[in-house]
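Below are two complexes that have chain A in common, paired first with chain B and then with chain C.
Presenting the complex of A and B:
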């Protein structure tokens, strides 16, 4: 299987006020061609930093170690100019907040025209393409919308426009960074529907960032679970949902309201908080919150090991292998 | 857009009416008897009474105000107490000089201030930004009249490059321009710094916004993002400040006109104050206020042209 994205030993360190902040540590991950990867984690898990690195949009003060290969090109082996040339052509993104992602004083049509700046074609053709794409993402009166400004559109419509913008450049990699978080449940379902319908328009892969396991199971082929800047489990969605091997993945799934069978007054939570990147526990990073923690976890950090079709960073896997 | 324009016009008229009422009351609180000043200390009491009667100064404030308002509506600003000329004629002959001075002063402040502000944002707190910041704060802190006097001493008296006094010969455009350079410099220099600072702050803020990240994510160059997409948004608050500041600029023009002995509303108002020539003073202030209201109307309209959210009909 040809990989569109290969992330090899990637660590991201921000220059903090007092000390460097290692926000992402040693991630190994690949996204196959025409696959949708769900990148899951709580706030502070480093998922936004990781997609920021894929988009080469991290602040200049951040340090990126390791390699990010997109379509075979080593992103951080390129010059800044070459990296920029990949944006808006090889890579496109839909951002988290549809209310601020579009320029408030430029009409929708004019913005969609600008986003196609790397593509060949006349202004008229590009405007025509923009209109067609708006219709494809389910905007009925595309002609009117093209002339309108973002404030005249609802949140759901704006996110459709943002998705249309990303799809217009026919990217090899589409990064959707929590595109449904700011939307209500009905609109969220519609947006997920659109991305599923439109996956054919992406001549490559989609990385869908979310903290919602329910969204992952409805949309994605593969899933990668991040915790406190590290990858704890990755694998095909069906496998991970059925047999979550890492206690953190299991806990995340247990917190998904749509998977809870019995009605009760309160929602399950994972006790404790995500450790700060500057104050990590020794051993396994999840050990202070893990229900299945044992002595080795507090001493030694587990490596990412294969477990069936998944890869998991947990000592329980090795213990189980040893027992078998 | 049409309803926005109509609303702005109506608002401008309300502001103008209130401002004129306040000014009318304020001016009549100024101590000093116009009759004594107009007729001299040796005029008899009977002459003064006759003068006051003729000018309507013996009537109550309310009646005078009522007459004044009616006259203003007919375009009659009263009669000069000393020369007996219509005030409107005096004001209208002075107005172009001041308008040109204020507009050139502001004009070159805008032309220089905006690029300086943009340059500052290339590397915030870099050496260029600090240099521009130092220059800006220095010129903001310098009073216009002080600058005018030093400019006069250096360029007119010592170097003899530029003329010192007056507005130049009426027919000779080149001569008039030469006479405009120093006063416009004095009026506008502080504004170069002020606009540069405003543009810097506003642009830096706009560049932090999420839609700028969207443009970057599509690989559009930082240069194009800043100038084509962020600067118009950053200019909205700056335009509003320029509108309000034009009043400031007009008062700066008064001092500069006195220093350079230029004709204009400033010199006219100054003479009127010294001579207790109330109709002329009132006429000058009314026209200045009108200018100010027009300037604000214009900047509001420019802001609405940039930002569709402002012209949104609510």
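Presenting the complex of A and C:
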């Protein structure tokens, strides 16, 4: 299977006030054609930085090492001009908050028209495309909606418009950055349904950023779990959900209320906080919060190793292999 | 915000109108009595100024020594001044001057300030710092003293007046535009446009400008009273519009000289200044209520 996105040894460092901040360290990840990858992690896990790098939206002060290949083209090997040409045709994005994703004083139709500025075709054709796309994402009276302004639309409708906008350019890679976080549960379910239905319109793959394991299991094919700027586990959703191998993945799953089967008075949490990227613990980054920590974890950082169909960065894998 | 509303509402009760925020804003502005009256007065002033040559019953600078200091009558609605000029005609032509200075002065200030504001908001940080310091320095100058100094150098004329107003008011527009741009460039829709490979110019035209219009309209309406005040003030001091041309300021100056003998001259000149200033201020406040999301009504 050919990969649409290949992330090779990518590290992202921000120029901090005092010292450089290594927000993302040494990520290796691929997204296959027509696959939906769920990128999961807490706030500060570096998932937004990684996504920003894929969208070439990171501030100029940040340094990106490694390679991000989209459709075989190395994003940061291109000249800025070539990269700009790639944006808006190859990669598109749906953002977190439907209330700020659309310009409040510009009509929906005009905004959808502007999104197609990279494509060939007349104004009329583009407006026609926009209308068709609105219908495809389940907006009934597209004609009326095109003339309306964002304040006249509900949150769910706005997110549909945002999805339509991103899909208009038939991107090879669609990045959805927590597109359901600002929506209520019913609308969230609808939006997830739309994204699932629309995967055909994306002529490539989708990266879905979220911190909700429930959404991942309903929508995604693969999942990548990030913690404090590193990839700790990745693999097919069914496998990771059934057999989480990294203690952090297991803890995240345990915190998902929909997966709790026995009633108890408490919601499970992961004790402690994510370490600051400028103040990382020695050895494994999860060791200070890990329930299964042992001496080696505090000395030595685990490498990402294959475990069944998954890849996991944990010493327990080797220990288990050694024991077997 | 009811999210399920759209599905729940049957299609026929759903508002089909596709109203722009500006059309809606205008409706809301004139729906308050204060806003409606202010708008009507301003409209009247503008019409009077534009059609002054058609409406004015007399030549505003024609001298008629035989009818000096006449009080209001049907022939001369506001009376005549110390050399027999018709005050009503002069008030109309004075409105022309006041609005002309306001129009050109604020337009020039707006263009200058907005341009610099966008440069500061989108450009590198050092340009921003230089512009902010420069504009703050200009704002700290006492306006009347600055104006008098400029007039002393370039001589009194309408162009000098407009230049002074443009230069001293531009920093206000600069600040508003720069702050708005700094906020807007972090919004998701600008990020999305950037992610779609839109050029800076495209982002500025499709996203920044439409969002700047609202706050700028308010600022213009609020600034016009100040401009009218400066024009009248400088003309009153003899440093603005020069006699015999009609300006509310020169008329006030005439009225001041004869305040005991013919107080109607000062009243005829002073009232328009007050009415125009108050009307524009109220209009500005009505507009601010409409455009300012903090007014609670939002958009």
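One rule holds in what follows: the second predicted complex is superposed on the first by the 324 of 324 C-alpha atoms of A that agree within 3 Å, B and C clash if a C-alpha of one lies under 4 Å from a C-alpha of the other, contacts with A are read in each partner's own complex, and residues count from 1 in each chain.
The rule is short, and it goes like this: contacts are C-beta pairs under 8 Å (C-beta built on N, C-alpha and C of every residue); 3 or more make two chains touch, one makes a residue touch a chain.
The structure displayed is predicted, hence computed values, not measured ones.
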Evaluate whether chain B and chain C can sit on chain A together after superposition, giving fit or clash. clash
Could you look at A:258 and tell me whether it touches chain B, chain C, both or neither (first, second, both, neither)? neither
For A:114, decide between first (touching chain B), second (touching chain C), both and neither. both
With both structures fitted on chain A, tell me whether chain B or chain C touches more of chain A's residues. C
Have a look at where A:102 lands relative to chain B and chain C in the superposition and call it first, second, both or neither. both
List the residues of chain A that touch chain B in one complex and chain C in the other. 55, 57, 84-89, 92-93, 95, 97, 100-106, 114-115, 117-118, 149, 151, 162, 165, 169
Please name which positions on chain A make contact with chain C in the complex. 55-57, 84-89, 91-93, 95-97, 100-107, 110-111, 114-115, 117-118, 141, 144, 147-149, 151-157, 162, 165, 169, 183-184, 186-187
For the complex, which residues does chain A have touching chain B? 55, 57, 84-89, 92-93, 95, 97, 100-106, 114-115, 117-118, 149, 151, 162, 165, 169
For the complex, which residues does chain B have touching chain A? 209-211, 213-221, 229, 232-233, 306-309, 312
Quick one: in the complex, what on chain C touches chain A? 1-6, 11, 15-16, 18-22, 187-189, 191-199, 202, 206-207, 210-211, 213-214, 298-299
